[in-house]
């Protein structure tokens, strides 16, 4: 079973992101369970949502305390919330930022992690560019497809088409795709760097 | 030479009927074929104004709908005296649910009927009436009533106002008139009964909802009452009729004076009888022989504390002012 | 047809497939998404011949339902928590009048302190209201139970609550199999009221009944629920015939054969429990799980039968009968009277407190060693509690409890992971 | 449907609950006596005939009226209608114009030639009626309807008695008298005119009469001594009025002094005015003390009749008279003042009342005569068995209506006497006073005033002064009746009963109480407009 936890703020589509992730997994014939942290959080407040993916029925209902992957939609949270709590060793981390982990002051925290599982992408910029609104959730899913290899970009695109339509869908697909490619590139560079 | 032509017999429109009227001029209550929607054998007190008002109103509604009527009824005297197991006095489909939810129950009935009509358009159309006392209407049932008004559900709500919780032994309601004594507002201190003002005058609140039709009536003006029920049934949407029904028990009056008291309430201006459509006052039933409020207050034991050795002139004056305000506000002395 | 969707959406689709004629809606979390979904379907016409009424309160919602059901319309509404309590008077009235209304309760805690998260306090507070109460374990079961609920309610002329855990199920995206209209029509016949308001055959419904007949009326309500005890398993069987799925029934045992310890629970926590039990089994514990689907009527006989071979039982419940302990536990104990079993009550997950495998494993391990307190509050923060108790001993004006505890815990806004 | 136990009930099942057992008092319907009926000297059932008139059934109304009075067209003109004085409607707005409706019905009957129904059986008895005045005609009519053979002997040339010789044309056109007398004749009554009965017993034997009713009226003008010169012209009012009927009108000259304050004085004055003279009434007391009806004095003054109040004639000479001014003493009696005045007068007409000519009774045993009138018992019989008397010749108020009443009363007693029985009138209902009524229910409807002839024609002709009502306003006026004490089927009791305990029996059948359910609240009694219900204690 693969468990993903997404951190963000109210209004950034955190819950939607987990739902789309579950839809993408479902489209690939997997079982998936997406659920929010059931808060009454308002816009701007820290929000968490979860997604479990498995090949058999998922019965477990507890919150995800030991995630296999983290998506952090808003780097400003890093210093307010313990985003990394319970992250499995070698867990995946995808952060929406144009800085590096070092620049974010996370060097120590991720020391020993496999570099190709630590990626950043400035999803907000991509969203602004393609969708016209600063909603990083969808591009990050594209990035997650790349970093985790858990789901295919096509599935993410299908999920986007299920959730959105018209220009919004097209914009998000473009953004997700670009994010996907950016992350692929980062991973290759990281892998290459380690090889050296 | 000129003489005034007579529409009715010399008792005009004041009596229930008379032998000389053309059938179309007869009141519903004059007909030996009237529905008697609420049948003999009910357990209302002697001279109960509510029993009378209910038969007047529901019979008229039955007439207007050719018997295609369903009634919802709030908890209260009317419900208790009409349907104690194993007998009911109602001859129409009737439901009692709770004290405070009658308007909502009626909404449910109307919704169900709307769907049934939609599924079977050639079926005879059935209309809905909700009824309750002033407690069930102006107090505990007010939320549901206002909701029904606001949604403009196709329901005629009839409030039988006897100015208190008579079923439980005469306690104060928000419709209890100023200075009237009840079991929870004893005649002590300067002003028993309501704080001054009209109390919660739901007809005005109903008008504020701008529903299609609002009217007040009394059991003393039968033809007026019947005409209003008929008119109400010509509208779609939420309608409200507020009927003053004297309560011999709660008012401390003779059982034979029930209609007289209603007549005095209207003739003194204490209870304005009017009609409004879509929030606008349309007409008022003019006072015929204006009387000072004392005429109305004196026969009622609930006002006895005003007429002791030293009559409470101040309070009586306030009540007169209340009546005068109604007369001005609703133009009760202008004959149309 | 398989779908990945939100639990609320799945329930909305199920209700729509049952062809309701009147739906009353009043918003309250976590039920809101269900009526929103139905509202959309009525608007876009996919749910035809249905009146959708936005009422002004839950009290009105149930009252409208009473009126429409009495007029022969298939009627649905949904609520939760404070909403259920606010409509309480009408809830009792609906069952008293024998009106087959179906209502979803998205289970949620009751304040004060106000709390929007999941537990079972709301529907269990209505345990004696005369309604049937069915608890769903998954979104699939929530969907299925609604279809069964309409058939059950209308057959025996009693209202039915379908209870599903707020947020945990209502807001969870997972896979559900949504049946076709044809399948549902084959299972659920059109509503034939036992009594109806109709000018063609006028009756007075809701008479005042005195001492001479009141007990009989109450007994008949009880007899109807006893009747339901027999119908519920049959309906589950008939449902399986049409839809090919196990759903509903009175109870659902899991690995109970040869189990020495059986843990009993209702609702979504059963999933976590099953995973926990699997691990414990692997670790050699003889343990099983008994899910209760029908809380009202309560399946005394079935529960007794399921427990007859175990040594001990643990009732894990998301409700608290303050001053005595468990509510479900009390019912279970009645079922096993005289069987000489050890019984433990575990109060867990109140107000949305997460119930984790970790805590369950530890607790069940203790239970297996009969080292468990008769009544246990799972993951209770004793530090905070004791501090408050001390504080109250110390001085009079201690202020509001909830806020004090939050202060102690250094938590500003509630976070639950 | 298979209903849930107890909470769902069959419609109207409360009929099983007989709430009549709650009652300690019960309402009962009754008829009370309307004040109009109570005061009518002719004993008319006024409310009764108005009931029919209200529905526009004028023939039924007329037949009901003529049960008691055969002369509605005449009464509708000359009756002083005490009924209107008693009418309860005066407390609401103004009294119902009963008299005008009666006249309307009488005129309708003449116009449509309605006739009386002849009796089916004859008694074989013969009754002699002496005098064809109102009393005699009334008695004859009633006796004929009771199946007796009636013969009227009238001394004068025409039937009508004082109605013809005492009441001027402008108040009572002669064709009206003719028509109503003729209708009585058509019923089978024979009238012998110019047949003076000088000895009643002789006439009875001659005609084999079993009984007689005497109603010869009072035709002899009272004389008073006035010192008068030989050339002075002094005549009595009755002969003046009588002569109006004949061809040659009385020669009274231009200035005619009429002496007296009664209706006859007014009649004479108004009559001579119409003949172009200038009448002056001289009366010794004041207007409000005058016995004449004020409305007649008013009409006379309107027509230009002069009046000298508080004056007596001291001396009559040719062409002038001397009058003395009077003053009322503290007891209201006129006393001479010693002040004198001379008036020009071509003639003096004495209108000081009339006496009865009792000649026909000479020698009849058992009769008692006191101050000029025959004494009769409560059954109208004189001291002589079989001889009855009424009208102006017996002690009573001398009006047409009283006379008609005497005729009816006498007829009933004569009928009983002929059968060897005694007639006992039915007991009277309790009076329906205004306090028994709930006048709220009567809508405002002012009294219709009868139109009157314009003043010039009144001064110059004998045309009828007061006109009749047309159908529209007669109907309106009839419908102003409050129906005091008698149910008029307004449906109030039926409508206002909170327990549906009143049964409506249908048009004309009124209502009855359903004592199975009546709780005895008394609302029906309080709301009955006409006081036709009362509460009585349940017997224990």
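Read from first to last, the chains carry the letters A, B, C and D; within each, the first residue is number 1.
Throughout what follows, a residue touches a chain if its C-beta (ideal position, glycine included) is under 8 Å from a C-beta of that chain, and two chains touch if they have at least 3 such contacts.
Keep in mind that what you see is a predicted model, and the values were worked out from it rather than measured.
Using CA-based centroids throughout, the chain positioned farthest away from chain D is A.
Central chain assignment: B. Criterion: smallest distance from chain C-alpha mean to the mean of all protein C-alpha atoms. More inter-chain C-beta contacts link the pair A-C than the other of C-D and A-C.
The mean-CA centres of chain A and chain B are about 66 angstrom from one another, to the nearest whole unit. Look at where the CA atoms of chain C average out and do the same for chain D: the two points lie 93 Å apart. For this pair, chain A with chain C, the centres built from the Cα atoms lie 34 Å apart. Distance between chain B and chain D, defined via averaged C-alpha coordinates, is recorded as 50 Å.
Among the residues of chain B, those in touch with two or more other chains are 82-83, 85-86, 88, 90-92. The set of chain D residues that touch two or more partner chains comprises 6-7, 9-11.
Each of residues 97, 201-207, 209, 213 in chain C touches at least two other chains.
In terms of which chains touch, the assembly is arranged in some other way, matching none of the line, ring, star or all-to-all patterns. Residue ranges of chain B in contact with chain D, taken from their complex: 1, 3-6, 8-20, 27, 29-30, 32, 36, 39-44, 46-49, 51-52, 55, 82-83, 85-92, 222, 248, 254-260, 263. Residue ranges on chain C touching chain D, taken from their complex, read 96-98, 157, 193-196, 201-207, 209, 213-214, 216-217, 220. Of all the residues in chain C, the ones that touch chain B in their complex are 21-22, 24, 49-51, 53-57, 59-60, 62-73, 75, 89-90, 93, 97, 197-199, 201-210, 212-213. Contacts from chain A toward chain C in the complex involve residues 18-19, 22-23, 25-27, 31-41, 45-46, 48, 58-65, 85. Only residues 6-7, 9-19, 22, 54-55, 440-443, 445-446, 448, 451, 470, 472-473, 475-476, 479-481, 488-492, 494-496, 498-501, 504, 506-508, 514, 516-517, 519-523, 525-527, 529 of chain D touch chain B when the two sit together in their complex.
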